[in-house]
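Residue numbering begins at 1 within each chain, and the chains themselves are lettered A, B, C and D in the order written.
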Amino acid sequence: MQEQTEIFEWPVTVYYEDTDAGGVVYHSNYLKFFERARTELLRTIGVSQQTLLEQNIGFVVRHMDIDFLQGARLDDHLVVKTSIAELKKASLTFCQEIVNPVGQILCKAMVKVACIDNKKMRPKAMPQSIVMELTQSDR
Amino acid sequence: MQEQTEIFEWPVTVYYEDTDAGGVVYHSNYLKFFERARTELLRTIGVSQQTLLEQNIGFVVRHMDIDFLQGARLDDHLVVKTSIAELKKASLTFCQEIVNPVGQILCKAMVKVACIDNKKMRPKAMPQSIVMELTQSDR
Amino acid sequence: MQEQTEIFEWPVTVYYEDTDAGGVVYHSNYLKFFERARTELLRTIGVSQQTLLEQNIGFVVRHMDIDFLQGARLDDHLVVKTSIAELKKASLTFCQEIVNPVGQILCKAMVKVACIDNKKMRPKAMPQSIVMELTQSDR
Amino acid sequence: MQEQTEIFEWPVTVYYEDTDAGGVVYHSNYLKFFERARTELLRTIGVSQQTLLEQNIGFVVRHMDIDFLQGARLDDHLVVKTSIAELKKASLTFCQEIVNPVGQILCKAMVKVACIDNKKMRPKAMPQSIVMELTQSDR
């Protein structure tokens, strides 16, 4: 049986920098919002990407499947909802949604992130401490 | 039988703005490269997005399925290869790849773009002239 | 005698999206941090840029003088300090600094912003309500 | 007597990614256009920033004085005009303008760039080969 995963929420405000001439958020900028939320989720379990970077460990996005459902507008206060869908030895799949204040989903994505050795650009098993924290935060 | 689709090639150079602290192109920036190539493909058949915008017609990305296979680096000269995988009344699906000078595919995506009325944010049939051009350029 | 102006502080976290291959924040991204802070300062006095945009009023940057003193790094928690240096009928000059947690100034700028009519792209007197709020918040 | 400096021209096209909800290019994106042009100017004299980066040498922007005169729009074909205003042992000042097809200056800047040791984040004399090329290209 699949256990219920905790959902991590991270707020994002839409600034001019995020919008385009169509009057809404430029599509690739949702990926930045998703990444901020993943970074903050990792931070809550004690993972600093700068520290990992200094050890030549990086998390890189390998695959994304994204639905852009509705455009967000300037000044919108959004929430990025993130949960971990799958945890493997050298990769992690996140399920992410961006919702507006009335609860509409504007954008959703499945994001597969791999742990790599930044020098060799090769897959690398995630540090055990991270795996343990991620497993525990599931409870 | 599926007819062979023409492949449109557009060059992209990697600048500092495109990279991140991991030393490679930040993942969401590949989406910008893909969009430049789609814009230029449309330009070759006479479609100006600024003109469409003034008529409140916009092309918005609805769905993307992306594989990030290998990182591009500063100063890399890449080519975005784009073909039209599917043409519907109010949407268009592009098949896109980013390749490096030795022919390795760094990133590939299926991108579904919808034609919308920018004021109402509703789907809209593509202008007939565009459909005709897209159909002809397939030959 | 010059009266002491209130300083508005806005926190900014550095994510991968902000950095470049040099390992620090890409220089133009400090301008985004400055703009977020100006937007939030305006929000505290009740100004919504989306509402202004719907009235075809925009604030556009006309001039910037920027010193890039030191690079910020991934995961840095910065503070943008903003005060109003000059208030005119159709323009506003901000004095802004980005400081790191130990109080070092990483970047500082004088930013002149003009109020314009977005359709005509012409200067426009700032709405009286904004001028009043800005004058009062100086006390 | 001041000798006449060569002007380097680099074309830039405005895509959706560059614009904002005001309908024009977002102000900080002109800095990206300026940087692409400086990179290409350096490339014409044989300087590869990726090669420099591998030697831990970086060019970082230290100071910018920018006038934003007029907004560029989606699909605009612009030209960035760049000349070297001053050449010192460890720094370089560029004079840059962005002009539209009818010759109007949209944005202009004086940009001081320093040569640094990327590890120590300290100023460093420019490689002699670069200085020679820059001096020769002035003739």
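Here, contacts are C-beta pairs under 8 Å (C-beta built on N, C-alpha and C of every residue); 3 or more make two chains touch, one makes a residue touch a chain.
Small disclaimer: the values here were computed from a predicted structure and weren't measured.
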>> So, comparing C-alpha centroids, which chain is the farthest one from chain A?
In response: D
>> Count the C-beta contact pairs for B-D and for A-D, then tell me which is higher.
In response: B-D
>> Can you work out the whole-Å distance between the CA centroids of chain A and chain D?
In response: 34
>> I'd like the Å distance between the centres of chain A and chain B, where a centre is the mean of that chain's Cα atoms.
In response: 24
> From the C-alpha centre of chain B to that of chain D, how far is it in Å?
Replying inline: 28
> Using the touch rule from the top of the page, what residues of chain D touch 2 or more other chains?
Replying inline: 16-17, 21-24, 28, 32, 35, 53, 73-74
> So in the complex, which bits of chain A are touching chain B?
Replying inline: 21-24, 27-29, 31-32, 35, 53, 58, 60-68, 70-71, 118, 121
> Can you list the chain B residues touching chain D in their complex?
Replying inline: 13, 15-17, 32, 35-36, 39, 43, 48-50, 53, 73-76
> Which chain B residues qualify as touching chain C in the complex?
Replying inline: 16-17, 19-24, 26, 28, 73-74
